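Across the two complexes that follow, chain A remains constant while its partner is chain B and subsequently chain C.
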Partner chain A sequence: MTAAVEFLNVSRHFGSVRAVDGVDLSIAEGTFFAMLGPSGSGKTTCLRLMSGFEQPTGGMIRIFGQDCSAVPPNRRNVNTVFQDYALFPHMNVRDNVAYGLMVKGVDKRTRHDRAEELLALVKLEGYGARKPGELSGGQRQRVALARALINEPRVLLLDEPLGALDLKLREAMQDELKALQQRLGITFVFVTHDQGEALSMADQVAVFSQGKIAQIGTPSEIYEKPRTRFVADFVGSSNVLTAEMASRFGAPARPASLRPESIRIGDEGARLRGHVTALRYLGSGTRIVVAVPGGELSVFVTKGHPLPEQGAEVGLVWDAQAMHVMEEG
Partner chain B sequence: MRSDSRPPLFLTVTAIGGLLFLHLPILLIFLYAFTTDERTYQFPPPGLTTQWFAVAWNREDIWPPLYLSLKVAALSTVMALILGTLCAAAMARTRFFGRDQISLLIILPIALPGIITGMSLRSAFSIMDIPFSTWTILMGHATFCIVIVFNNAVARFRRLSGSIVEASMDLGANGFQTFRHVILPNLGSALLAGGMLAFALSFDEVIVTTFTAGQQSTLPIWMLNELVRPRQRPVTNVVAIVVFVTTFVPILIAYYLTRGGAETAGGGK
Partner chain C sequence: MSLTAEPSRIAQPARAILPTRGLGDRISALFWRHPNVLLITLLALPLVWLVVVYLGSLAALLLQSFYSIDEFSGQIRREFTLSTYGELLQPANLDIIIRTVAMSAAVTLGAVVIAFPIAYFAARYAKGHWKALFYLGVMLPLWSSYLVKVYAWKLILAREGIITWATDGIGASAVLNGILALPVIGGNSLSTSYIGTWLVFLYVWLPYMILPMQAALERVPQSMLEASADLGASCWQTLRTVIFPLALPGIIAGSIFTFSLTMGDYIIPQIVGSSRRFIGQAVYQLQGTAGNIPLAAAFAVVPIVIMLIYLTIARRKGAFDAL
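What follows is the complex of A and B.
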């Protein structure tokens, strides 16, 4: 099966800045693909390379097997949900959604009927006559989604679409987006800097760092088996044991990641002892920082378990298989 | 400690005095259009009549300057709309070396005294051996009309989110469709306002016109010449009312069109 989107050693340099630096990736058709990374890591530039608003300085981009370097944005069967939604302020919601059909020359009646169908899909029936300025952030987001879907793209690109929404709405929209993607069966490429969002929604996650892909895999692979220190730290703030520490605890002499929730507090079988330096209440539990010889470790204690006092000496227990050896430090 | 917010009496009186000083003379212009005395502007007028409107209508020397003024104002507005919008689009959408300097050069004609603009254009025309015509007046007026349109358009471009243009392309629109359906509707009222101001400014311009008109006279120049002649003086006032209406109404409309936005409608001059 041909991949929906394929990058072959793609680079995009702005002067001396390597925004995207030799990226290879292949997105299978019908997947929900997340591009995760801090700001400036190149994920948005990758998205703009797919939509055609940026041209690669090197390498090749294929969409459904076709080299698309010479294809302008308006001829690609790819649509975008913009970060600021980019709704046309002078048009009502129905005309916004129908825009893609209007420029194709579809007659008014047909395109308005189709716009109403899409508004129903995003649960905005009856909002067609309103102007974007009269809608809430979440509603605008849905309009942007409906507008991007009207041309029936085979790939939908979403540039941090939930960034401007409050937490509650964001979680609801995450579920809806996921359900929508499964119903439509098209490929979603989603840019986000929120690791929770990427892990909960995506089938595949690419973690970006400094214009390169640090790791690509399923959410559980990324979380359980981070390949680099950057991934371990960025996705779920893992502890990174030095090579020397790892070998002392029976793992190969290479840096290893150890998730805070894999560590228990207890004296029996304690691998390390240290003093509690900080406690941070997180609602579902408490994150405790323990100073140990050679560094500090974060421990996550779930709600209901006894908490140590600040400054108390505690023992730290974990299973040998909880340590995941990484390829590099 | 004063708890009421009323301004001091002195300030109120001077403010009212200042406004009267500025606007009473305009009312006098209107009043003298109806006076029965045709040689001097004596106050109060000895009697009131509407005969001067009929006289003005039948004076054949008024019509050619009126046509010329309307023609020049209309053409320089069209020219300013095209060139000013293009300039604004270039300035708002691209970054290049020397952009700020060029932007300053575009705005400069409005800061430059009209007499300087007029003199430099006149000498340029004579060096290049260009005879005076409607087109030379037009070029003079375009210098400031373009700036008015540019200022209005550039402010609107800045307020538009750049991604709506991308969104339009993304949805399959070509450059022309994007301009027609997305850019133009959002720019519309700014262009209308800029165009009306440009028209009003061009219609009553005297200084630059004096230097670039040669033997032709536009309506304001005709009025200037008429003032020194002691014949049928109120006719000039009738024409003044016409000029006032033709320039004031567009400016008023432009003001209401751009109200509410942080936009420069007048921008000086």
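What follows is the complex of A and C.
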């Protein structure tokens, strides 16, 4: 099967800034693919390379097997949901959604009917006559989605589409996007800096760091088997044990990741002892920082379990397999 | 930071409310308690100016236009009449109006065509030094005297001027003569033709088109152009369906300047062009040598009415929807 999007050693340099630096990736057709990373890590530039708003300074980009280095955005069967939605303020919702058909020369009747269908798909029936300025953030987001889908793209690109929404709405839209992707079977490529969002929605996650891909894998691989210290730290803020510490607990002498929720507090079989320096209440549990010889460890105590006092000495217990050995760096 | 500094601060505990420091603080407090007082203070002077000087003189003008002149005594008859407006419809006067409106429209159209690429460059591509250069380039002509510029143009356009010399030099004098041989807009030389008048108007009012247009284009987010291309639009389609409608308020604003400034001008057509009169010249002569203030006022009302009609149509067409 040909990949929906393929990057072969792709680079995009802006002067001396290497926004994207030798990226290889392959996105299988029909997957929900997340590009995760902090700002400036190159994830958005990668998305713009797919849509054609940026041209690579090196390497090759293939969309469904076709080299599209010389293909302008308007001839790529790829559509984008913009971070700021980029709805046309002078057109009503129906004309916004139908825009892709309008520029193709589809007659008014057909394109308006189709626009209504797509508005129904995103649950905005009857909103066609309104102007984008009269809609809420969540509604604008849906209009942007409908507009991007009207040309039946083979790949849908989403640039932090939920970033401007409040938490409650964001969670609802996450579920909806996921359901929509499964229903339509289109490849979705999604840029986000929110690791929770990437893990909960995507089939595959690429973690970006400084213009390069630090790791590609399924959400559980990324979370449970981070390959580098950066991934471990960025995705779910893990404890990173130094090589020296890891070897003390029977692992190879390389840095190891140890998730806060894998550590229990208890004296029996304690691998380490330390003093509690901070407690942070998080609702579903409490994150405790324990100062241990050679550093500090975060421990997540779920609700209902007894909490130690600040300054108390505690023992820390974890299973040997909870420690995940990483590469150097 | 040493701890020894602490006791002195504790010895004199900070007050919750600070003492006033004089008149400035008391005025600030007054404005804070009564925001309307601030508003009135800010607006009083400009409002007096606007209402009394500006709208007042406009009302006086309007009033004058409803008076008429006694044909025998030459005195102004201060009685309401529409006969002065009737005079505007006489063929000679109507010609002046049509000539002026046509010239204003041509100047506006020319200004839109020339200003758009410049404004687009400034809004989308110019950064840092280039932006400064743009503003300098657009504003620089405004710093020199209007009369000097117009006379300079007369020299450029004259039969003995640089344009004739240059076209001769490259062997294109046939083209220039062909243009001058055109009916109505042609003439003896560029400096005595409508083309010359149009060129000078265009030059003098162009900054007033570029600046609002650039401001409007600058407000069109890059993502909107990208969205249009992303959905399959060609450059031309994006220009027509996204950029132009969104820049329209700026274009309208600019066209108000170029249109009304051309309609009111009486110096350029006097220096450069055929000797046929424009509204400005008619007003100048009627209120001066002819002493026919009512007709001058009626002439002066024409541009105002035309602008009001123009703005109404523009608003109906949705030119201000994107504001």
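The working rule: the second predicted complex is superposed on the first by the 328 of 329 C-alpha atoms of A that agree within 3 Å, B and C clash if a C-alpha of one lies under 4 Å from a C-alpha of the other, contacts with A are read in each partner's own complex, and residues count from 1 in each chain.
To be clear about the criterion, a contact is a pair of C-beta atoms (placed from the backbone, for glycine too) under 8 Å apart; a residue touches a chain by one contact, two chains touch by 3 or more.
Keep in mind the model is a prediction, meaning the values are calculated, not measured.
Fit or clash for chain B plus chain C once both are placed on chain A?
With chain A as the common anchor, chain B and chain C collide in the superposed model.
Given the touch rule stated above, what does A:Gly315 touch, chain B (first), chain C (second), both, or neither?
Touch status of A:Gly315: no partner.
Using the touch definition from the top, say if A:Gly22 reaches chain B (first), chain C (second), both or neither.
Neither partner.
Now for A:Asn79: first (chain B), second (chain C), both, or neither, which partner does it touch?
It touches chain B and chain C both.
Return first, second, both or neither, reflecting whether A:Phe88 touches chain B, chain C, both chains, or no partner chain.
After superposition on chain A, A:Phe88 lies in contact with both partners, chain B and chain C.
Which parts of chain A are in contact with chain B and also with chain C?
Looking at chain A, the two contact sets intersect at 51, 53, 72-75, 78-80, 82-84, 86-90, 99-100, 102-104, 147-148, 150-151.
Can you list the chain C residues touching chain A in their complex?
Touch residues, chain C against chain A: 221, 223-224, 226-234, 237, 241-242, 245-246, 318, 321-322.
In the complex, go through chain B and note every residue touching chain A.
Result: residues 161, 163-164, 166-174, 177, 181-182, 185-186 of chain B touch chain A.
Within their complex, state which residues of chain A touch chain B.
51, 53, 72-75, 78-80, 82-84, 86-90, 99-100, 102-104, 147-148, 150-151
Applying the document's contact rule, which stretches of chain A touch chain C when the two form their complex?
Those residues of chain A that touch chain C are 51-53, 72-75, 78-80, 82-84, 86-90, 99-100, 102-104, 147-148, 150-151.
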